[in-house]
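Quick one: the structure is below, and I'll ask about it shortly.
Residue numbering begins at 1 within each chain, and the chains themselves are lettered A, B, C and D in the order written.
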Amino acid sequence: MSQNDGKNGDPLVRVENLTKHFSVRIGAYGETKATVHALDEVSFDVQRGETLGLVGESGCGKSTAGLTLLQLHRPTSGKVFFDDSEVTGLSDKELRPLRRRMQIIFQDPYSTLSPRMTVGNAIGEPLWLHELASGQEAQERIAKLLDDVGLNPAFAFRYPHEFSGGQRQRVCIARALACEPEFIVCDEPISALDVSIQAQIINLLQDLQEEYHLTYLFIAHDLAVVRHISDRVAVMYLGRVVEMAPKEKLFDNPLHPYTNALLLSVPVPNPRQERQREHTVIQGNVPSAISPPSGCRFHPRCPLAFEPCDHEVPEWREVESGHWVACHAV
Amino acid sequence: MSVLLDVQGLQTRFRVRKGYVYAVNGVSFSLEEGETLGVVGESGCGKSVTMLSLVRLLPPAASIENGQVLLRGEDLLQLDLRHLRDVRGGQVGMIFQDPMTSLNPFINIGTQMSEPLIYHRGMSKKEALARSAELLEMVGIPDGEARLREYPHQFSGGMRQRVMIAMSMSCEPAVLIADEPTTALDVTIQAQIVELVKELRDRSGVAVIWITHDLSVVAGIADRVIVMYAGYIVEEAPVDALFEDPRHPYTVGLMGALPSLEGETGTRLTTIGGSPPDLEELPDYCPFHTRCPYAIDRCRTENPMLEPVADASDRGHRAACWVDIREVAVQSNGAGASS
Amino acid sequence: MTTQEVTAGSEVDIVEASRTNLWKDAVARLVANKLAVIGIIPIVLLFFLAVFGPYLTPYDFLAQDFTARLAAPSSEHWLGTDELGRDVLSRILYGARTAVSVGLVSTAISLIVGLVMGSLAGYLGGRVDFMVVWLTDVTRSMPALLLAIVINLTLKTPLEAWMEEMYLATKNGFFRQTMWVDLVLVFGALALIQWPGYARLIRGQILSIRSRNYVLAARALGMPTGRILTRYVIPNAMGPLIVAVSAGLGGAMVLESAFSFLGVGVQLPIPSWGKMISDGLRMYRTHPHLLAGPAVMMAIITVSFAWLGDGLNDALNPRQWGG
Amino acid sequence: MGQYILKRIVYWIPALILLALSVYAMAFFGAGDPIKLMFLREEGDVTYDAQRLDAIRREKGLDRPFLVQFGEYTWHLVQGDLGMSVISGRSVNDMVGATAPVSFQIGIATVILVSIIGIPLGILAGLNHNNWIDNSILGSALFISGIPSYVVGPMLIVFMVLGLGIMKTTPYGWDGLFSSKAILPMFVMVFGSIAIIIRQTRSGVLEVLSEDYVRTARAKGVPEFMVIVRHMLRPVLTPVVTVLGQMLIGIVNGAIIVEKIFGIPGLGRLTIDFTYGVDYPVIVAITLIGALLVMLLNLAVDITYPLLDPRAAQAMTGVEE
């Protein structure tokens, strides 16, 4: 794994001011038109070979970030570069060769596999699609991929409903790997799984990263998992990235008050420590993404909020090498 | 302290297409007055079914086959439905996992909150509403009176769980059963809810059964912890003893599988291979043996009972395992007997 | 890389016996449903009779026997004869042919139209979708029988006149058979009544399947729309479509007979059960056998379709899949 | 809300116009020449006289282009004038006015009966899921839904007259809704529509029974009767509203058949009586009334449904990209 601190390195993926708004209708008769600010002016990069963790609470736009990055949602504005070439604005057809190189693993392994397709066919689709292998060779590739993700190659002829959640997630990983991708967006790949299965999948992802030199954008809400698997971590709140740093810096020295609050909220699996810990929980709820607060979006819940916070959007700046933050109080 | 709730040999199974699934298999435990008991296990381990069995709130496919549930000496499993209703919501309050679906979307909060007060306390609708408004303020929802007229969808997830808590605590129950109350919530909201329940518990002295799949949450709130696997209690211990000196391989595995917010990060997580079983018959083997790195021959032929562990620091520390895992050199992870 | 450690035990939880595919599962569920199985028998019989029935009876459905008019059921005429001395059983068997052929043809037409319109709406969205939905709403707000009456009333005369003209011009015997006009009108009315149902079903299936994660995953793989349609949408939409087609087939037969009952369906000499029922009703006091035969037959077939449809719905209900 | 209603009306009005246009066009171009029919009604000389025909045609304005005539028809329609019957020469308004009340009575009585019988049966079946009560209710509903009314009606007559001998004469005609003659037709009508309501209610109950909030109500110690009445009834009945449109279409269809079988002088009977002629003003009028009814009901369902579900007020719909 690369030990890049994120600056002037070798970015595989670069996201510049990525914005995604959805228009919705609200009300019994859909009478009110509104805009959901799912993603606003988000910028980050993912270095070749690293894992960038993207954390935040539900509705903060982290999954939208992943899908928009991959052009599965078309961005409202902003740019995405993959391997130094811009992918935003490309047609579906132009994207096709790039899709092979960037893949995604979804949260819910139950809905990500067609119930009418055998596991082998599901994994074989990308081989056929990108003309990577055919015939006997394809069968061998499928067997190898199943073996890679820790499944018996004989399972290729079975249907998804015969598998447990963890096994389905392995199949999804195998399908993503079949493309021989360089970059994988892992969109909460373990959230739907039990604790003991989570650890299996985390280890598998790490092993595969090493073997195939993969680059991950790892989206999750579980801070401990993100800390375990990531090299660098970005924290999102209501459609904006508020802090990004190498994980040691972020977890040992969080600068943004939201990051700090998030860390304090996570329970620790140690009863003695829990009893001694201060329990200052942040109050209130995440506001709606339809009418996000002005200025810094965290200011209504922020213990440090002061004069400029409610009207001035804090600048996204690098306070020390590789440590980015958007806060007036820092 | 005296025993408030005593569960003996509880057994619950589900009828499925091909036969039965054994969800709870002879579970025995007790809860003392004012105590908080954490119940931990993965999905399908029987933890929720156990707690729903206590007040017989099971889905139609489930049936309680055996056991006793003594609440202050009275067996809830023998009680007729009318008296059981007095227990539900009166002596036993419950909160559930998903606050989005646990409140009726068609009825306003005031009506829903006043129900237990009307049925258990004999209050008039007006009195019940006034009390409900107070209760809302107590759980941190300001302007309670106005909000009583609102419907559940007008509340956020965390707020709805607060409403559930206020409602379940309204008749000052002796036991509060919390079935994964924070699983559907974000981590900052989870922290708020945990703090709220702790505060209410300390103020009212209610005994709490807190069901969760998250060991970390239990560490912060429970006095004693039960670990369940495949419908069995595999380990039971005071919270400190459990975390410092776990004796069942499954508990050990669960702890190893948790990534941590502190310490080294370069390490690999230890894992438990495979996935938990659905028992289609009562096993004459340890249900964990296929995933257990310590398994010996006996595990395949005899199902261990929950027994006090050897030289425990606490007398209440029990585990169901044939092996004293401290004496066995830890083999390579998970490559146990199953290969 | 050692994947062995993470997989230890993972093979244990797939029991060999669970090796099934979803279609086999559905068939097993269907066979387990007693009513559905009972329902299949008369339907299979009906199709059999539609093909071979006319060859099985000793009488031509048109053969008139004036010596045996309005005869009660006997060993010679099991279900008796009508006022022209025609064997009722033969006519019922031939009526099966009318019911089945009208059902099959009209279902095929409406299915094709519905598939095309529904796919266009579901896939193109926007204005096309709005127009198709609107059209289906308009059509569906017309009560079926009124629609059939209007069509029959207004189009029958000109079509017959056209046939007559064609006959005079070509001297082709085909154009003398005015029953084709009836058939075309009935097919047309049924197709018009039934296509919106299929269109809405297909549209709904496409919209719902398109939002599933497995389609998103396929798009992430760079799969072209056409292949997504054939590999993901169609196979997953088959279950509800089979249920709908079975219901539609039964519904078409019921409607065809209703048209005949009201006198806007297939006219004599082709026997239709609906027409036989309405004729039977006129003389039920003196000759109840004329009513009983076709009415009982109709009841058996329609109830069978209801049972089979219900069984299919249970067997193919997507809510029971997975998990 | 006003805006929404306007939108729905704008949605349905072109539908009505399209229907009127296509039915009128079919009649205009298809129904053959109505002049001869009119001519036959003219007094005196009945010999075929092209000049007189043209004169009548001109006089009636039937020589004008299609669209002009359609426009005029629509204009009259908007003013509430349905035109004149070609065959009888009577005003269609009178004919409809004489028959419509009978059909409406039957229709409304059917909806009421079906609801007060079907909904409790559906609830009963749902609450007794998979035991004999459920099986027999659902089984009967399935059976009933299978048999078409043109089979039920005649069989019922045979049964009453020949089988039981309760009735001396064939039930035929109409003495009002509350007369004994209405019993059999109403039975057939209810028979034809009740299965939909039973099944919808039953599946609603099954769905709601597995809802978490029903468990919550029980966990609070709410008596079972109140759980059903307060916590289950509304969520079960709300979606039933949506099958009303479907039911109404069934009722209109059923009424046509029932009115024919039992000789009831309603709109359906009017339709059938004029089927063999080319009396298109009558047919166009009845068709439009039938469609208008269904569309109005759909409009009403569209508008009221969101009012019944408190969640709808904040529902977010139509996420567009």
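Keep in mind that, in the parts below, contacts are C-beta pairs under 8 Å (C-beta built on N, C-alpha and C of every residue); 3 or more make two chains touch, one makes a residue touch a chain.
Note that this is a predicted model, so its numbers are computed, not measured.
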In terms of touching chains, how many steps apart are chain C and chain D, taking the shortest path? 1
Between A-D and A-C, which chain pair is linked by more C-beta pairs in contact? A-C
How many angstrom lie between the centres of chain B and chain C, each centre taken as the mean Cα position? 53
Where chain A and chain D are represented by their mean Cα positions, the distance between them in whole Å: 54
How big is the gap, in whole Å, between where the Cα atoms of chain A centre and where those of chain C centre? 49
Cα centroid separation between chain A and chain B, in whole Å? 31
When you check chain A against every other chain, which residues touch at least two of them? 164, 166-167, 200, 203
Going by residue number, chain D touches two or more other chains at 309, 313-314
Counting only residues that touch at least two other chains, what does the list for chain C look like? 4, 6-7, 10, 13
Parts of chain C lying in touch with chain D, wherever the complex brings them together: 35, 134, 137-138, 140-147, 149-155, 157-158, 254, 257-258, 261-264, 274, 277-278, 280-281, 284-285, 288, 291-292, 295, 298-299, 302-307, 310
Chain A contacts chain B in the complex at 57-58, 164-167, 194-200, 202-203, 206, 221-225, 227-229, 247, 251, 261-275, 279, 281-283, 285-286
Tell me, which parts of chain D touch chain C in their complex? 11, 14-15, 18-19, 23, 26-27, 29-32, 139, 142-143, 145-148, 150-151, 154-155, 157-158, 161-162, 170, 249, 252-253, 256-257, 260-261, 271-272, 275-276, 278, 280, 283, 286-287, 290-291, 294-295, 298
In the complex with chain B, residue positions of chain D that touch it: 129, 210-213, 215-224, 226, 230-231, 234-235, 238, 309-311, 313-314
What does chain B use to touch chain A in their complex? 42-43, 156-159, 186-192, 194-195, 213-217, 219-220, 222, 239-240, 243, 253-262, 265, 268-273, 275-276
